[in-house]
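Dropping the structure in here first, questions after.
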Amino acid sequence: MHPNRKKLQDEMAKWQDDFEKRLTDCIGKRKLRSKNVISIDDLSKEEMDLIFDCTKLFKEFIVKPDRKMGLLKGTSQVNFFFEDSTRTRSSFELAGKHLGIDTINISKGGSSMDKKGETLNDTARTLDKMHADVIILRHSKAGTPQMIADQIKAAVISGGDGWHEHPTQALLDLYTILDKKGKISGNKVVIVGDIKHSRVAGSLIRALNKYDIEPRIAGPPTLIPFGLEKVFKCKVFYSLEEAIKGVDVIYALRIQLERAAGAEIPTVREYSKTYCINPARLAMAKPDAIVMHPGPINREVDLRTEVMDGPQSAVEDQVENGFACRLALLYLLLGGDRR
Amino acid sequence: MHPNRKKLQDEMAKWQDDFEKRLTDCIGKRKLRSKNVISIDDLSKEEMDLIFDCTKLFKEFIVKPDRKMGLLKGTSQVNFFFEDSTRTRSSFELAGKHLGIDTINISKGGSSMDKKGETLNDTARTLDKMHADVIILRHSKAGTPQMIADQIKAAVISGGDGWHEHPTQALLDLYTILDKKGKISGNKVVIVGDIKHSRVAGSLIRALNKYDIEPRIAGPPTLIPFGLEKVFKCKVFYSLEEAIKGVDVIYALRIQLERAAGAEIPTVREYSKTYCINPARLAMAKPDAIVMHPGPINREVDLRTEVMDGPQSAVEDQVENGFACRLALLYLLLGGDRR
Amino acid sequence: MHPNRKKLQDEMAKWQDDFEKRLTDCIGKRKLRSKNVISIDDLSKEEMDLIFDCTKLFKEFIVKPDRKMGLLKGTSQVNFFFEDSTRTRSSFELAGKHLGIDTINISKGGSSMDKKGETLNDTARTLDKMHADVIILRHSKAGTPQMIADQIKAAVISGGDGWHEHPTQALLDLYTILDKKGKISGNKVVIVGDIKHSRVAGSLIRALNKYDIEPRIAGPPTLIPFGLEKVFKCKVFYSLEEAIKGVDVIYALRIQLERAAGAEIPTVREYSKTYCINPARLAMAKPDAIVMHPGPINREVDLRTEVMDGPQSAVEDQVENGFACRLALLYLLLGGDRR
């Protein structure tokens, strides 16, 4: 064996053994009650804290030169994406592989559901009979992951459904706030942009509310659902300048460019003039405010490049935290006492 | 190491060791003569019995909490699907991974065959030069897998070709009959629906004939090839009620909805009125008759939901048996004395 | 454990241990300076020799019955193909898996780049934050892999960009010459066909020049860039008969059939009449000349079938060498002293 590889292997075996011990200690008697993570409402505040504690540990793992642990060896994961995705699917797939899970991908194009008219239910039951342990499901129709999860033994994690929820995004977002600010509760947060069509916002507001944060919501009236303040604890602003004042966290959503020139926003240019996070607007927030975005970013529309690439941007941290968070979640759903 | 994981690992190591021993004993001096499984006619009755004996063992494996065995570690499998597939591809891919095989997927869309005009032959020879051990090939043109297999060293398993054959489907179907009825020979079987365009029927009738079963074939005259009784041992009925009387096994095929309103069937509604397996028709079969279907199912057309989800349905057993059967087949083609 | 498997496992453990030792000795203090392989110009002649020395060793590995080594266990590889590919992607993916790398695929269709307007840069930075170790990138736009590589930590290997370069193809091509002829320098080489739109030719001419080979270039004037002889050391011929005389190596490029009947070539038939490598033309080269082609081949247009399948063809060797070469390259970029 190459001496470097031998050394690395010995170090990593020791480190991983210690890591598993620390992970077990960290979890203690806590566990996730639900077999699924489909809505943020599947999780209590205590369960979210558990996920964040584990995420913190997994952040040590992902920077190691050897990222293969057999913690979930012998289990299987199906990444079932009915909408295109790069970051969510890649993140889950790599996370699964690093934990020793056998992963397979099913995408809309390659499945028999389109052409052969099979119901999604029947497909999911099929996967269940192959004893898949966890299914990561992204679907354009709100409610689909829940309907599937109710019928099968396998754990289901939503990778986003319609305009409804994207719970792992909210988890990584809150973890990023925790990591950057040292705490979640007590931060002032503004969410900017297209709330109406955003599953990210759907999960994020729910999650912030659990930590007693009432986010400010800023965007054009056409992109904020009517009566939002009656459903969630939040405060709606049509002026970004007013909303951004003194906040700790600026969360810009992605504007879907294809909506421009439709009924909902006049032009992209118009939108960006009023709602793009630029240096001047950023300066109205607290001096140590962080800027977040779920990606993919429309540069110069959602965020100005100097903001995205500037020192207050937490955008790349979000990606890294998302990776760690998905490792943690897979472990909590399939590992430890669950095995 | 987490105490649960340690315990699981020790138990599984012991179980797997014993499993491999039982598998080796079960196989004994038997083997598959052909390097390929392309047609049911590649297999003698004795070889099919061998596959079923191994399938029975692998059914113990697939319900274990740790489903990773290194039996075929260091080999490689290419899933080469020129037609969309969910269950066949997923089943083969997961089976391969669970046995430690390195698997890769090639689909029509991502290959250079479409756009660059490469012949399938040349692509297969290319894979052969990467020393792939087994290629799972689904193609819309009958005869393609055989043509490929003749040119390369790698084992070829057909995942279905045109209207011709789908041998692993027939294997899992017969295993399901064996499992549910305790024997294959001696059962009365009716196959219902679109025989003409069904590769499933093509392989199934061949397989049943090997076990001296002369299946009854029921469907509209337009969907049953003329002269079928001269090619295979079977008996054609145009009345499902007549055909279903007293059978042990009802095998419904999938009607391709796009054929309706064409020359072959008048309307889906008409077809389902005459040939859908509903509770009344099921009651004409033996009281302990089982209902099978290769999937994906057109609910209310091929089968009524109460039949599919009822106690006599073996549809989900078929999926599970298919998974076990593909594990067995991969092992028989690549493992044991073949290594 | 099955006695054959036990025996194989013991033999392979011993062989692999010895292999790693020989590999380490072979490499010695040499290393690749660049973290990326995007252009042949990233590599000096000495570095190419290093790759070839390792390729030679890996050719022993790829014919072994157990092709799984943990040399790069715990690293991750992203195959990011924006253009369809069978052989390049399969070759890299299998190579990665055989070395124990966790590999994932991203294709144009399944990524968020198309529909969501994300920049490629942002996608690459995303993958970087998941700590991918190497990204294999094929893109239709020349220069894209370099632009990406400059922004991220991960190693980038180009799988071909536009009409620009395809460096691993040139590496396998030169290795094939070395393997068949016992040396690279000193061989007379003719490259035939569509030079203008060929990234293969772009990299191959650069690579040959490093070994002081001035290739002859043969093709219709419309398919040879004007002034080519001023950019590279080469000699242009419009008559294939003149160019092919006495050469050691005939390298036919793929003509893109869709170019025919355009401005650049009159018809495929016309092209093939003048430039297809047929037995008569092959006979004008040295008697032991070899025939190469990057694939996929247009039979009867680029090469006549009797030439492609004849004794002088090195086409299948190229595929096999490409596989070994990619194993070597991944190891040199990620293994040994780099770990």
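For reference, chains read A, B and C in written order, and residue numbers begin at 1 within each chain.
Definition applied: a contact is a pair of C-beta atoms (placed from the backbone, for glycine too) under 8 Å apart; a residue touches a chain by one contact, two chains touch by 3 or more.
Only a predicted model underlies this, so the values are computations on that prediction, with no experimental measurement involved.
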Magnitude of the superposing rotation for chain A and chain B (Cα, nearest 5°):
120
How would the chain A/chain C interface be labelled, same or different, where same requires over half of its residue numbers to be shared?
different
Rounded to the nearest whole Å, what is the centre-to-centre distance of chain A and chain C, using the mean of the C-alpha atoms as each centre?
38
Got the chain B residues that touch at least 2 other chains?
109
Within the complex, which stretch of chain C touches chain B?
1-2, 4-5, 8, 12, 62-68, 81, 84-87, 89-91, 93-94, 97-98, 107, 109, 254, 257, 295-299, 316, 319-320, 323
Help me check something: in the complex, which residues belonging to chain A touch chain B?
17, 20, 23-24, 71, 73-76, 78, 100, 102, 104, 106, 109-119, 122-123, 125-127, 129-132, 335-337, 339
